[in-house]
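First chain A sits with chain B, and in the next complex the same chain sits with chain C.
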Partner chain A sequence: MLKKIILGICALSVVLGAVTPIAEESIASPAAVAKPAPQTATEILQRIDDNRLSDGKIAVMSMTIHGRRGDRTISAKSWQRNIQDSFTEYLAPAREKGTKMLKLGDQLWTYAPDTDRTILISGHLLRQSVMGSDLSYEDMMEDPVLANNYNAAISGEEILNGRPAWVLELTAKKDDIAYAKRQLWVDRERFIALKENLYAKSGALLKTLDVNAVMQVDGRWLAKSMIYKDALKKDGDGTSVVIESLEFNDNLPETLFSKASLRK
Partner chain B sequence: MPLFKLALRNLLGGGLRTWLNAFILSVSFVIIIGCQGLYKGMAQQMERLAIDSYYGGGQYWQANYDPFDTLTLDDAHGRLPDTLQKMSAAGQAVPVLKRQATLYAQNRVLNITLNGIKTEQTLIDIPTAKLRDTGHAIPAIIGDAMAKSAGLRQGDTAVLRWRNAHGTFDANEIYIAAIMNTHVGVIDQGQVWIELGTLQEITALPDAATLVITAKDSVPPHGVDTENWSFKDQDFLLTDERNMMASEYIEGGILYVVFLFLAMLGIFDTQILAIYHRVKEMGTMLALGITKNDLIWIFTLEGALHSVLAAGLAFIYGTPFLVWFGKVGFSMADMDQLGIAIGDTIYPVFTPGIIAGTAILIFALTALVSYLPCRRIAKLTPTDALRGKIA
Partner chain C sequence: MIKFLLKGLLRDRSRSFFPVLTVAFGVFLIVFLDAFFNGALTNMYNATAHHQTGHVKIMTQAYAAEAEQSPNELALLDLADWLARLRAEYPEIIWTPRVNFGGLIDIPDQNGETRIQGPAAGLAVDLSAGSPEIGFLNLEKSLVRGRLPEKAGEILLAEDFARRLQVSPNDTVTLIGSTMHGSMAVNNFTLAGTVRFGMAAMDRGAIIVDLRDVQNALDMQDAAGVLLGFFADDAYNNQKAETLKTAFNAQYQNTADEFSPVMCTLVEDSGLGSYFAMASSAMFIIALIFVAVMALVLWNAGLIGGLRRYGEMGVRLAIGESKIHIYLSMLGEAVLIGLGGSIIGTLGGVLLGYWLQYHGLDYGAMFKDSSMMVENVFRAQVTPSSCIVGFIPGVLATLIGNALAGLGIFKRQTAQLFKELEN
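Presenting the complex of A and B:
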């Protein structure tokens, strides 16, 4: 009898967990100015870009790589400006501490303190995974402004993680876009992509992004915790990324975004 | 001539010691010729396999292509000049397009080079006829080393991801139509071969190629070398193989030195003993009017004739042994793991140059080693020598 009760409680908790709304967190007081509701998919896309992109931000994040031999967590602090440029420093584990990464436009360098060498990541090196995760360096090189690169169409509406969402089909505007097609599940009120599927030109699903916690910073809703997965890998649970802290800052020092700062 | 006869008589008079020295030296003869033949055979086999499987009669490379820098592959493609197109149509050349890709196979993610080649080609030893489309996944050929590292077998499928010429990701399933048994690493490790037209289509690079392999017996046409395409002849393409063989020769040289050292030590020892034990004999000869130079000549010749005896012995037992070795060869079944383009068995090649070169080397060294102790004879005084004293 006791066993049945325990099983029943477990089953209930699983069911409740499945319908539990996405975790939320508010880091700063909302300051958003109410905007009119978007009428078209293009406007939705524009609102997504406006919501997530900023001129400058500082984030501390941790990345957990779920591999066959166990999990490995890496934490890093990242400074980002003008959408295109970023500077990242790994904080942990000890083996990776001090490794830095600088992205200026379409160029990417890494610096390893062990060897005291700065390496330009290009060509096939861009296809390598970042620290063994499901993210590749080339994923970091994509133009983050979706509205620049894609035509959008609303293909449906769904309730995802307890939130009403539009399903957006994005089709590349030009030939030189990395992913020919994307599918986005966009929170109808917060304009944040709760789920994203990235497709190859052939239609094969290449990568998936699932947001399982969101946070509000200065009135913007952003992903706090997400799982990134290379869909072509048959096994593996993907890579979890958690944003520990995030702050918008439009006055990041110019000197930070230079190759010289990699050795500092 | 009398000196030669005297030297030979003295040598044969040495009995067992002479024959023992000669035998040791003959073993060096046989081993050095055997090893030299083996290296020669290995070099020839490596070059032949590389030519038959990939280099052909030479290759035309697109200007941006650098086989040692995969970063160049994205830009290393271009349309074939008319002359090469005609050669290709006539079956005298095979265009190959190379692109980078990622292979998802058996839970492994591998960065590979995707090669496009015509199915109907017969110029190089890649079973491209197996690449004919079967209607479902893209047929592909891989080498056995690649199959082992990717955990793939014939009939397996794997997912291939690549970026087309515009940078857009694409992915599709490939079907392992054949696994080729090859020892040529350049077509095997990290290489996947698919039909040229398919690769051109999926990468949005119509009529493009990275390199063109010419037929072995073809003559490079004039006017093809432009700023976009340059001809690389066999000597250029085989540079790495030859450099590798040169280092192998050096390693082999250590073995020769050890064997020769042992043999020469025996002869040197014999000469020293001869000089100390036969002082009275030398004194008598000097008293009878033989000059010191003639005496040095006799003793040097005595020592040097060891090599002639050794050559005779080596000929008697070495010839059948080396003929048998040439037929059976030397098994190198595990060497493909080292990326060396040689077959399972190396068949040694004994050229007149190897035999003559080895003989001259041993004759010269034996003569030198025989001469060195004889220099003491120059200091000999006949009266002291007759009393058995040596300076």
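Presenting the complex of A and C:
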């Protein structure tokens, strides 16, 4: 789940100008290697994927669900490798602590320590909300490489939160993609989506993502804080996600990404 | 006079047999249909009250607005306080909290991994010893295998569901659901027993769990989705329910607070009000049609009888009996025929109604794919009203028929009588 959130955060790369400039943070240093400016929407999409996806990363995040009866914060640590696989362990609150999730390719398992059961999440369970948030397990199962799934077109340019941005229209290449259309506001210098609207095939708005803080890690600009909102939910103020720490690591242990590690 | 009329009727079968038979058949139909509709309504009221709505139901306003989804995140909190308050203020009502929830029943293999899964419709009720819920849900009689839960962590599954999942009593089953905060909840239970509810909608995938277990499993401590109230005699009374609702809502409902409680009645909550009104109208229309048809038939019979008794009437007029007296005596005969037919018809209807009340009619096959909360075995219900409901139409139809046919008497001319008699 973290994986999706992290990927989502990255995907929705920051910016957009206006009244309040977006918060920025630099965690690690190295200067990014200068690349030629992209000329087409497809090249922009490729740059977004290059910026946010990596072979391995470790992140600690907190997720605050703004529900009708108040807020609830959940924190978790996630390890991700090869874009497709991730392992997540929930750290708080006490009731969720020790719950683990493992995603290997297109399969997702959850482990509940109280029952010592490993459950394959499939079928209609995939449409269930992750911990009551505005994210679903189905979101986690999406192929994170946008360029694999969407055709892109530039529909305009705007200033969002003080940052110059392209407005990209993404149209799904296949029918079985959860969101048939996406609208992205992409920072023209940092290649991070600052805002994203996700639509169904019918054109109905399904979800929105607004990045309100960014950070630079090892030369990449990534979302630090964002709000995810399920547009179909009549109530609640969405789910805030904050990346507490993030580190790129291409040498994550192989044993971590196995069902055996869920019970450890 | 009555004795005289009776003798006449009994000695002349053509005047009594066919009209009595006709009236008896019509009254039989009315009485039986009355018992049939009573049974259908009672069946529906009981099934709905016991399994879904209670006689009155309390929930938060937010929950009520989305009640068909059982939104447990909008559940009523401070349950213990509410129960204490309600039991003090309305001691004549049996108050019982429930949680409706959905989820998956997951059966593990020897390695603890999923062997088979099935979607479940869960109901959490108080299963402690002496709880009225055991009676409301008829759990003891519904048991097919095993026993009722006796300790924490035990669960009941619908028999058909258990067979589909290939589990038996004492097996471990895992419930995968959502906490009231939306997190995934995974909890192990021991299958205590299996039940058959006789309702297709529940037999497909119902699970019954003790309320405390579900409160723990779904993180709903001191909360319940709904609080049901049942009248002590377990018979729904719409007037009493409405009075209770009005008083409760006036005291506790706060439109500015979506989490304040609201009470609704069985009829409101289930939408059975329109069904009840429809059934009552149907009964009235059936009775009306019966009276009209019977009146026509008996009018016709009266006309034929009048023709046959043309001479008799002439003689009676000729010897000085007044037209009105003859007419009234005919009406007297009609009343006797109506009463006789009504008694026979009522007896027949009541007897068949009783038979259907005790033996029942299993029509479960018709509802095997239905989600309606109706019992598979239909039973009629004979009530005191069944014994009198046919009488008025039975007597009225005979009276109207004969009154119309007898009008011909007034057209007879006394001066012509002897001439007619000579012919």
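Heads up, the rule we're going with is that the second predicted complex is superposed on the first by the 245 of 264 C-alpha atoms of A that agree within 3 Å, B and C clash if a C-alpha of one lies under 4 Å from a C-alpha of the other, contacts with A are read in each partner's own complex, and residues count from 1 in each chain.
What we mean here is this: contacts are C-beta pairs under 8 Å (C-beta built on N, C-alpha and C of every residue); 3 or more make two chains touch, one makes a residue touch a chain.
Keep in mind the model is a prediction, meaning the values are calculated, not measured.
When the two complexes are overlaid on their common chain A, residue A:Ile154 makes contact with neither chain B nor chain C. In the superposed model, A:Ala37 lies in contact with neither chain B nor chain C. In the superposition on chain A, A:Thr110 contacts chain C only, with no contact to chain B. In the superposition on chain A, contact is made by A:Leu232 with chain B only, not with chain C. When the shared chain is aligned, chain B comes close enough to touch A:Asp176, but chain C does not. In the superposed model, A:Ser133 makes contact with chain C only, not with chain B.
By the touch criterion defined above, A:Ala92 lies against neither chain B nor chain C after alignment on the C-alpha atoms of chain A. Look at A:Ser202: by the touch rule set out above, it reaches chain B but stays clear of chain C.
Shared contact residues of chain A, touching chain B in one structure and chain C in the other: 68, 123-125, 128-129.
Per the touch definition, chain C reaches chain A in the complex via residues 62, 73-74, 104, 106, 108, 112-114, 117, 119, 174, 176, 178-179, 181-184, 186-188, 219, 258-259. Partner chain A is touched in their complex by these residues of chain B: 70-74, 100, 102, 104, 107, 109, 111, 159, 161, 163-164, 166-172, 204. Across the complex, chain B is touched by residues 68, 122-125, 127-129, 172, 174-180, 198, 200-202, 204, 206, 230, 232-235 of chain A.
Residue ranges of chain A in contact with chain C, taken from their complex: 65, 67-69, 72, 74, 95-96, 99, 110, 112, 114-120, 123-125, 128-129, 131-133.
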